[in-house]
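One chain, subunit A, links the two complexes that follow: it is found with subunit B in the first and with subunit C in the second.
The block that comes next holds the complex of A and B.
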């Protein structure tokens, strides 16, 4: 077989994934950019070109800036706590303890639970009158409808759901660290914390970098837990509404796909910049061997 | 050489086949989309039902109320007995997702063959050409719109074309928990009640420490403050639907009156009512009184806690009159359906007296067909369902029927929830809603 036909086969093999990505990811992304310049009528069958009108409207919209702030706040709260807790539990579960697999299953459970079902359980736990949380704490806080607490409640559920999977990724990273390094450190008399600080952490940085990038993109697209936990008639909605939630509202509730499109286009732009910056600065802290 | 060419041929064929599948798909979609724009009613009249060989057809019938599913299935079953070649599959999409799904299905040409229509959404779908006109059937007398009560036949008409067959109507009533009234020694609500009496009794029956409240003064439109606003002499939209009535002083006064009941602890707070639906609270015996629509009757009565211990009364009178909203649902068919002739037959049956009787006897909803309402009233003999029929004559039609309705209606609850949650004042909220509504009306002109 010559190289040309071998390439053909390679393309053929990746075609299902490639076509899927192009059709379901790339095409909608480009189409969203196009939609942002239009004013659509009649379910998008009639379109008028309006240039940057939608963007002008967006930048004048106070609600948009609040939503942007909420999204960034969620990212700032969610990403570091998930990384720290996932690493913490991964290191614990990497040690030889009794019932290790049982613990791994328990921590991974949220990942295999249906998010909608899990959210419904959280709604009950958070309930003001009969909720378990208020019962245990002896308080009467409305965790999900008080603007002061709602964001933290959403972050809590988000972190709870994210730990399992990220812990698994980090655990895989931990097990890739050669045992000989620890043995050498022990011979040199290193204590446990120093082993973590000077061996585990540096060699874990590639994994941590990957999880940070993925978590940040995921966090910026937060929607489902707000939709399920907060709901649309909640007085706290303005203080937790994310950009994607605003996109959903404008596109599918108010039927203004064009305004919805400019919101996600801004989000795409932000994510491109954030990811670009992370790749730029990774040299400073990520260790590849 | 042979080896290689065989492989590339295979590859070529595979890619070709794949491309064909892809283009076939998109081609189909386009066709359906175009069809939606044109009316294809002549196809129907040219082929009378009897002459066609009966082909096996399954129609999709989509509704949004799970409680009415058994009744709709009973109607479909009886229709299939008359037309053995046509089967009907009843599908439920909950109200919260219904219009989102329909607005995606409409341009894609995948609307269900027959589906429930709401007055607020009708104009959008009719002007877009997504609904099949039934004008021919109406003119031929196959469907007689005079058969339906309270002028309901006119709701689904646009520019002289008929699109919908009236299905049912609904009005609002005051549901009360007899047990809580008995315990406090207060007489049950009746048609002499006014809003002051409602507030007074609500306060008397409330025991916040026990989690029991007199009334649910919740943020809601059709089963909430719209009735209050009308009773107090305010309005939701003016006659020609060009201006919001939310900033009318009488409307604001009515809104404030309702909110005062929350402040007086005669009602659960907005937060509590966000956490738990007020009707669910009523069903579990925690609320003495709620406003609720006739469509929730079966649902409330199915609660074992409250069964036999509750009843309906008319809404209280306001300063000016007794407010009430009447809304009529319709059945419509898709213009892009593949089996429009069969769908038309099913639509005829849905508008028939027999279908109305099934709806009434199963207690699903108040049928729109004249003189079939009594059967609905009798569907639950121990409940005073007559209040819904009696209030229909004075009730104001649901303020839909404009292109701007879906836009302002969706935004209304978000603004009002800020007021109900205490973030802004009621007056500020009402004025914001009025401003938003007027803007939506201007933009969709």
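The block that comes next holds the complex of A and C.
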């Protein structure tokens, strides 16, 4: 077959994905940046170029800084707790115990559960007067509407949902560590913790790093659980409202597309930095087989 | 190994099991509570102190949730868009991935870059422009709007390419000598070899499609056009604190995926873990 017809086949096979990506994803990404420089009137019928006005307004908006802080706080609380707990359970499951597959299934269950449905049951569990959580703990905390606790409750639900999946990733990383290393350490009389500290942890670093970045990217886009756990009339909303929630509110509740666009463009900026970091460090740490 | 060591191993095993069982209980409690609450009366669900088991199992909340909230539409719309968002990306992505991995053609690098570069962009960035596009096409508040932008998947393309790259050249060369064109090589030789990766992609696409909330919430508003996720969100505003009805709705929404998960648990777990590893 000549190279001309081979190339035609290649373009034919790539075309649907390439055209679909350009139309439905690439163009919208650039258009979102463009929208940030416009001021729309009459439901988008009239657009004025306003330069950086929307960004100036955004940076003067205290609510935006609070939302950014909330998003970062969520990331800082959610990512390390998920990583630590997932690693902990992965190490336990890696110890060749009975019933490993049953535990894996149970831990994975929240991952296949629709976040909307999960949030609804957590609302019932968190209820102040008749919630199971307060009943078990003997407390009367309003987990979801007290600004002091709301963020932690959202994080708890996030961690609950994320452990199973991340545990599996880390477990796969653990199973890639050669057994001979541990055997050598045992001959040298290393104790359990030292084996973890000096063999497992260093060799697991690439997996942990990859997992951390993926979790951070996901956490920076948190929306579902805030929308459903906290809700628009909740007094604790200002203390948990994320960037994406604010984007949704501004764009589709207040119908200010331009202001919504600048919020989400900031998020894009944060995500590009995270991806850049991943790319940079991946080259250093990850060994491809 | 001496006697005292096996004894201490046994002890640590017991501790490990205790920790794992306790955590398993925490993981499952929400599901049990969902089910228990759905068969209580509204009174029992909000009783103080907490009443764990209802006096009688009352299934009426299921009919109530189903009848009063267009559940049949939610099911259909969710299942139909999940189907579209799985079948088409599988076909298109595997074709593109094959071409990127196995054919050298002018512009290959730039085309691939264009496709994977959108993976760095958070989904909400796309929503307003996509909304404006749907509105131009007259697709706002239609079932089509739920899936039309997701007929292709950059992620699946990226993932499958990794797998096509790993296949040895010999099979392909033999096929070329036999006069196969690239599409025949893709279809008859390569696709069967990446079956496990295809299964992983099917599972991931299906899970995403089934559980997605924000886009359906933005693009559609009438009850007949909503998906399960977005439908549940409206159920909350309708039934406020009628927890049995809400939990019945939630249970009906999660049960298809959970059943699928139990039937294909190994494939689910391996598929998801393995794709994230290559990705």
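In this section, the second predicted complex is superposed on the first by the 241 of 289 C-alpha atoms of A that agree within 3 Å, B and C clash if a C-alpha of one lies under 4 Å from a C-alpha of the other, contacts with A are read in each partner's own complex, and residues count from 1 in each chain.
Following the convention adopted for this analysis, a residue touches a chain if its C-beta (ideal position, glycine included) is under 8 Å from a C-beta of that chain, and two chains touch if they have at least 3 such contacts.
Everything quoted here is computed from the prediction, not taken from an experiment.
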item: Broader residue contact with subunit A after superposition on the shared chain, subunit B or subunit C; value: C
item: Contacts of A:86 with subunit B and subunit C, given as first, second, both or neither; value: neither
item: A:252 touches, of subunit B and subunit C: first, second, both or neither?; value: both
item: Subunit B versus subunit C as contact partner of A:267, first or second or both or neither; value: second
item: Touched partner set for A:29, first subunit B, second subunit C, both or neither; value: second
item: Touching partner for A:129 - first (subunit B), second (subunit C), both, neither; value: both
item: Contacts of A:70 with subunit B and subunit C, given as first, second, both or neither; value: neither
item: Touched partner set for A:45, first subunit B, second subunit C, both or neither; value: first
item: Which superposed partner A:200 touches (first subunit B, second subunit C, both, neither); value: neither
item: Which superposed partner A:242 touches (first subunit B, second subunit C, both, neither); value: neither
item: Where subunit A meets both subunit C and subunit B, residue numbers; value: 1, 5, 9, 12, 44, 127, 129, 231, 252
item: Contact set on subunit B toward subunit A in their complex; value: 4, 7-8, 11, 14-15, 18, 33, 37, 100, 103, 106-107, 127-128, 130, 211, 219, 270-272, 274-276, 406-407, 410-411, 413-414, 417-418, 420-423
item: Of all residues in subunit A, those that touch subunit B in their complex; value: 1-2, 5, 8-9, 12, 15, 42-45, 123, 127-129, 142, 144-147, 231-238, 249, 252-256
item: List of subunit A residues in touch with subunit C within their complex; value: 1, 5-7, 9-14, 16-18, 20-22, 24-29, 31-32, 35, 44, 89, 92-93, 95, 97-99, 103-118, 120-122, 124-125, 127, 129-132, 135, 160, 163-165, 168-169, 171-172, 214, 217, 220-221, 223-224, 227-228, 231, 244, 247-248, 251-252, 257, 260-261, 264-265, 267-268, 271-272, 275
item: Complex contact set, residues of subunit C against subunit A; value: 13, 16-17, 19-20, 23-24, 26-31, 33-34, 37, 45-50, 92-93, 95-96, 98-100, 103, 105-106, 108, 111, 114-115, 117-118, 120-130, 132-133, 148-149, 151-154, 157, 176, 179, 181-183, 186, 207, 210-211, 213-214, 217-218, 228-230, 232-233, 236, 243, 246-247, 249-251, 253-254, 257-258, 260-262, 265, 268-269, 272-274, 276-277
